[in-house]
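Take a look at the following structure, please.
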Amino acid sequence: MEMIEEAARKIINMEVRGAAKIARFAAESLLKFAQKIDDDFDVKIKEAADMLLNTRPTAVSLYNAINYVMQYSGRTVEEKREDLIKRALEFINWVDSARREIGKIGVRRIKQSATILTHCNSSAALSIIKEAHEAGKDIEVFATESRPRYQGHITVRELKSEGIPVTLIVDSAVRYFMREMDYVIVGADAITVNGALINKIGTSQIALCANEFKVPFMVAAETYKFSPKTLAGETVVIEERSPREVAPEDLLSAGIRVRNPAFDITPRRYIDLIITEIGAIPPEMAYLVIKERFGFRLPTEEEIIVSPEHYD
Amino acid sequence: MEMIEEAARKIINMEVRGAAKIARFAAESLLKFAQKIDDDFDVKIKEAADMLLNTRPTAVSLYNAINYVMQYSGRTVEEKREDLIKRALEFINWVDSARREIGKIGVRRIKQSATILTHCNSSAALSIIKEAHEAGKDIEVFATESRPRYQGHITVRELKSEGIPVTLIVDSAVRYFMREMDYVIVGADAITVNGALINKIGTSQIALCANEFKVPFMVAAETYKFSPKTLAGETVVIEERSPREVAPEDLLSAGIRVRNPAFDITPRRYIDLIITEIGAIPPEMAYLVIKERFGFRLPTEEEIIVSPEHYD
Amino acid sequence: MEMIEEAARKIINMEVRGAAKIARFAAESLLKFAQKIDDDFDVKIKEAADMLLNTRPTAVSLYNAINYVMQYSGRTVEEKREDLIKRALEFINWVDSARREIGKIGVRRIKQSATILTHCNSSAALSIIKEAHEAGKDIEVFATESRPRYQGHITVRELKSEGIPVTLIVDSAVRYFMREMDYVIVGADAITVNGALINKIGTSQIALCANEFKVPFMVAAETYKFSPKTLAGETVVIEERSPREVAPEDLLSAGIRVRNPAFDITPRRYIDLIITEIGAIPPEMAYLVIKERFGFRLPTEEEIIVSPEHYD
Amino acid sequence: MEMIEEAARKIINMEVRGAAKIARFAAESLLKFAQKIDDDFDVKIKEAADMLLNTRPTAVSLYNAINYVMQYSGRTVEEKREDLIKRALEFINWVDSARREIGKIGVRRIKQSATILTHCNSSAALSIIKEAHEAGKDIEVFATESRPRYQGHITVRELKSEGIPVTLIVDSAVRYFMREMDYVIVGADAITVNGALINKIGTSQIALCANEFKVPFMVAAETYKFSPKTLAGETVVIEERSPREVAPEDLLSAGIRVRNPAFDITPRRYIDLIITEIGAIPPEMAYLVIKERFGFRLPTEEEIIVSPEHYD
Amino acid sequence: MEMIEEAARKIINMEVRGAAKIARFAAESLLKFAQKIDDDFDVKIKEAADMLLNTRPTAVSLYNAINYVMQYSGRTVEEKREDLIKRALEFINWVDSARREIGKIGVRRIKQSATILTHCNSSAALSIIKEAHEAGKDIEVFATESRPRYQGHITVRELKSEGIPVTLIVDSAVRYFMREMDYVIVGADAITVNGALINKIGTSQIALCANEFKVPFMVAAETYKFSPKTLAGETVVIEERSPREVAPEDLLSAGIRVRNPAFDITPRRYIDLIITEIGAIPPEMAYLVIKERFGFRLPTEEEIIVSPEHYD
Amino acid sequence: MEMIEEAARKIINMEVRGAAKIARFAAESLLKFAQKIDDDFDVKIKEAADMLLNTRPTAVSLYNAINYVMQYSGRTVEEKREDLIKRALEFINWVDSARREIGKIGVRRIKQSATILTHCNSSAALSIIKEAHEAGKDIEVFATESRPRYQGHITVRELKSEGIPVTLIVDSAVRYFMREMDYVIVGADAITVNGALINKIGTSQIALCANEFKVPFMVAAETYKFSPKTLAGETVVIEERSPREVAPEDLLSAGIRVRNPAFDITPRRYIDLIITEIGAIPPEMAYLVIKERFGFRLPTEEEIIVSPEHYD
């Protein structure tokens, strides 16, 4: 169990972060832990799963990862272990192959010469952009700095190092440049049953601007980002982070209040297309994706964490 | 057959009314009638079914109830009776459990402290509101009076008796108060294949106002409200009721014309979510619900009553 | 002063009601009172004016009437009286001629065969409809019943007696019939500097529906309905009337709360045209009308009654 | 192979044209060719299929026809031939029955007395209109002339010969008359996975106008018009035709440039309903139709022709 | 009077056409006629004015021209003649200078490198485009062919001869290319008091498309195109021209009906800016322009030709 | 002239900054300089004015200040000086009184308990907020940090020191919180003739979000912010500032491009009200304000700096 405690700590400390990375890491951790269980397999692995789940109770990809792995079966410990390991490896493979596949599907939507806006730092979204560049398309990228944590700085370095011309702008300048964009491509933290996108704070107002000028707004999202619990009415909880990310100490000590939501919600009416590893779909199809990938089962009462302060 | 004639009379007289109640009552009536048939089972039960269907030929829930029960099979009268009874009980159980389940799913969408607007008197919609109140949420309700039959008076009494603070307004005041609402929740008489809602007259302009201020507009609808015939192009017929519901006698005798449609049609673009007993879905998914629940079979020519005067 | 007290009582009791009638009556009352003042003209007439103004402190037409009359000048009592009487007569003439002129201008907007929706009971709006009928146009009218006070009943009788075919509908049925309308024509209680219309509760959702189907929404408004105080930032106060207009006694005594605003606010984006006695104008021109008719002077601090609970 | 070369020539020369006709003709050609193959069945038939496919590489119905027929199986030449012939006949029957079925489903959406706008010359769209006329409905049609090739002239003759009153207008006059239309009904060259319609140039601005006045915009589309490749991210390529269709010789020789796209793209937000032979569905359901009819398989890399210059 | 009859004939025969040219020609004709009147000046000149006005009773610029010239004053024939001639010359100068001034003001709105869409053949609109080209800006133009009379052919020749790159498209292709446009610039036949534009059929759907993609839609309009009569409620009458412009003889003789309105109406909500010779203004300011240029006087009953079949 | 050079330097160095402060300072500088001129008054003062104007050639308030002061008249140096000083003092007084007056007018729009969003640091906007607080209203403020220069930090300190509860958010979080706002109030750098607002980068996407949820968006703008040159077609030039404000040195030296526009343009359709010192007006009235305040004269060719890269 120490091993799991250590893994949990890494997620909590944000040594491991990003929706895809956390999910993959949790599957790996369960796999490794399962290899060491001698008896009481069901009880011990459940305890480990719960511990991991509690590190980021609102992360949809983590929930899906653990849920996928935990649907092992078998009569003996050996059978159970074997099946769990098989499932964990399947999930890990899912993570690894999905992003590649999204790049290959997404690139077909991009015309020969295009200017693309992106927000924050999504590996699935960048996978499309890089694929387009490698395919010899004439791509230029505008990236927002993505306050408060400036993930845009990572994005511009990453693209620049691939030789893609890139321009950094403040988050406030999105509408100013929107008329010149051919596409907006962003990633996803989660997709709900009614096609809403949960993603880095600021995404929804970018989508609104894209809609104003009818610039196609596309989301790159692996299917393990789709939230089966929203089918049961659950709303995705928006994490609120430390004021220190936003304000200098002197402002805080002067009694200035800070609100720092990490994500926001983009309703389906502003999304043109979601590019998943199983195809490019309209957001209204989220329900069907959930059904196909997660078996459509309504989650039980206890599987649901209800904290519905936000809705779109 | 007298028993069925009696049942039909009750529906026509509106002793039994409301989409859910009529559907349940028709299933019960067929069940009871089936218990008494000695011979010519198919012919007699078909005659009974037709008589019931003709009481409210445009009611989708009644059509679905009878259609469900009538898909019995068997070689002997006994086998047929047994299967029909089984199916009738299944349908009755469907009605009873669906509303409860909708309450449980819907409550997860409601935040801790919320003001909700409702229209007319829908038991499925109220089920969500009551569930939220029981869950300790701080709920306040605005209810329209719902002219011409004032079903809003029933609603405010019903909620008040549960201890929920409730405010009555005229139907014209909806837009005036919309800015202060957190949600609109209404019921459904029917849902079409392209996600339109047929419900009490006035619903569509409430949805339009909710959309203007981006207040989430949610529909509580059991899946037996979904209309399989609309898949075949049929439009739902809007019943027009007596002028006497609207105008005093002296106006009518003065030659004033009255138009009194009982329902109107809310197109899918104004609906955020439909809460059914099988999950919370976007309205575009109506087609899939119909397929899953009713087998996707295109109705035959004779099953269709064509009177397409309205469309949205 | 007794005469003025009597006049004030009539306004408070609603013996005299309707924006135009109140304004005209106040001008008349000041005129009659002025005829009897012997000395201290300025003081006494000011006292009378204040008393009248306080009967309906939020009525724009009353404010404009009194303000117009009170801008008399003169050195002696006789001169002042004479000038005040002249101004009062001018205002009374303004009221009488404006409605006729609106009918004449408005009728030119109506095509040869038209179906028109109206709300409540506005003499200026009906003046256009009657003028069109008299001009031999083939006019049909739909009138809302206009809960809670059913002014629609007055409207349908009034039009029927002129031989105009008329249909009564509940307020909730507006969107259902909107597709069949050629115009919506309503009156005004007030027009603000930024072109918003204050009118009978329900008007704004009718305008919203008209806008959805692009049915021209026209307002018939005498220029003394335009509010000069809104130029100084004042918002028009929405009167809230007795719950007894809405709910039966038993509901009230059961603790049901009622909200009963008399008017609502239609923003300029839903108004195609305002028909005044000085021409047909877009709502954005309200500022210019105020300037032309009321001299553009910013009202002083004390002229303004600030109670800005509503805005659009 | 000569026979296939001849067939290919006919498609290239536009002797055979129209999405449905080309598809049917390709299936027939493969059928006939298969009847004559002695050996190397797979190789020879593949060569024939490729030759046909290359005549109009961007036509979705052609791709679907050939793809359907080519999924034959069998161990011997005889088995293969037999299965291919069976599949070709199935496809031909699909084409023939789908249009009839669309007429029967579509007519149920049309009210008793209606004015319908159509564009270009779509047999599926006209099938609904004729069916309505035959059903005794009081139908009137407005048809655009459909520059540059004036297919509207064919449409007005075709409808007139059925006794349907018809009015011809220039393409620019669509918005002028939109207020008087009850429906717009058009055909489809292709439907994409996210519910966009590819159809004759001008269709998308008609849809935009219909949306402005909330006139229902309906598409008549056989399911073999749905593009499975768009699921894999492919965009439908818009053919650009000869400038000579648009400009007289003297303008061209004066150096005037001409752009002459044959189709345009109507996004799902302007489409109310797609009427297919398997039911009337909202455009968001395109994905599900593709899955149900084409097995949902992601096309392979080589099956995809990528030329994504247009997107909506 | 023969001279006036001759002039009237030229307008009727369309030897003289175009809103600006007709207006200028009418002023000239009155000027020449006035030079020859010996006695009964008022009577004779009035007769001449009426004859000219009746040639195109719905043309706003003609009405304004004649109205302007006819406001001469004087006691003797000589004084009257002199004043009329002065006014006629003023009007002629107005026409000549306004277009130049519009070019100079409009060019400032155009960025250094721009693609502009225009419709029909407006000298005021082209004046801006040419001015931009002469100012060394990198201008490219897309011109619609403008069925039924193909005025677009004149436009492309005219621009090409100035060395401006130009592309001809069918009217249906406007939305297809809209995303690539930087501006739409069109002329005006008339501007109404509520800021609506009356212009060549097709203009309003171009404006709708421009609005969809937020491409600035600008109107070049001399102030004598503004209609003072619309202030009095008059609507601008839309001329309907010969079916022969649209359909070949064989279609007409086959009983095909044709509707051929010459103009349509673009409501103010789709117009960003009107460029007049007195400045660049928003369309809502039309009322003020009318007031400033035409004295704001409500036209008398007899000055108004009422034929209000269209409205926007 | 040294004195003027010194003043110009201060503006260039941003020792003096802010639209109001620069304008006031320029008027003061001219005043002081005029006191010292002995001869050649016209020449010398013109030289000084030009030098000041060139410090920020795109600032509308600076242009208006200098233009106002420079309209002095007189025959002798003494008369000219006297008149110039009088005009300079008038302008200084205009600046000082306008903000106070805006506070007094704006406060009337604010309801008793309100949450207000503001952007950047506008003294006119804050004047309304403070006035509301002082008037005893229950005000809470959300302020964006306003990257790249964090003027939001100044705003929150300023409001906090007045005792107003204030919350700081990142610019990306605006849409997330918009539903909870009662008003948005911002300042203005300039207002154009067609009612567009030029203000701090980010303003236009805040306005777009406010419009989505129908939260009133109000602008506080002294009338010397209105641009008379836009009447002549000029567009307001958007200053682009140093990349160093946005990106750290290492990103810049890595070849990352930065775009850093200081302002953006909010079109009139998203603005509910402009609060000026002469009243609260709709944005469409900008033209009239320009006329009333600046005499409506079209600027001459040389007064206009043409650099029209942006437009809305």
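For clarity, chains are labelled A, B, C, D, E and F in written order, and residue numbers in each chain start from 1.
In this section, contacts are C-beta pairs under 8 Å (C-beta built on N, C-alpha and C of every residue); 3 or more make two chains touch, one makes a residue touch a chain.
Note that the structure is a prediction, hence the values are computed from the model and not measured.
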Practice problem: Could you tell me which chains make contact with chain C and chain F both? | Solution: B, E
Quiz prompt | Third chains touching both chain F and chain A | solution = B, E
Quiz item: Between copies chain C and chain E, what's the superposition rotation on C-alpha atoms, in steps of 5 degrees?
Solution: 120
Quiz item: Higher C-beta contact count, C-D or E-F?
Solution: E-F
Quiz item: Which is it for copies chain D and chain E: same residues on both faces, with over half shared, or different residues?
Solution: same
Exercise. Could you please state the distance in Å, as a whole number, between where the Cα atoms of chain D are centred and where those of chain F are centred?
Key: 56
Practice problem: Let me have the rounded angstrom distance from the C-alpha centre of chain B over to the C-alpha centre of chain C, please. | Solution: 41
Quiz prompt | Per-residue multi-chain contacts in chain B, two or more chains | solution = 212, 284, 288
Exercise. Give every touching pair of chains, nothing left out.
Key: A-B, A-D, A-E, A-F, B-C, B-D, B-F, C-D, C-E, C-F, D-E, E-F
Quiz item: Where on chain F is chain A touching in the complex?
Solution: 142, 144-148, 153, 156-157, 160, 165-177, 200-202, 204-205, 208-209, 212, 246-248, 251, 254-261, 264
Quiz item: Can you list the chain F residues touching chain B in their complex?
Solution: 179, 212-214
Practice problem: Would you mind writing out the residues of chain B in touch with chain A in their complex? | Solution: 104-112, 216, 272-273, 275, 278-282, 284-285, 288
Quiz item: Which bits of chain F are touching chain E when the two form their complex?
Solution: 193-195, 230-235, 267-268, 284, 286-288, 298, 301, 304, 306, 308-312
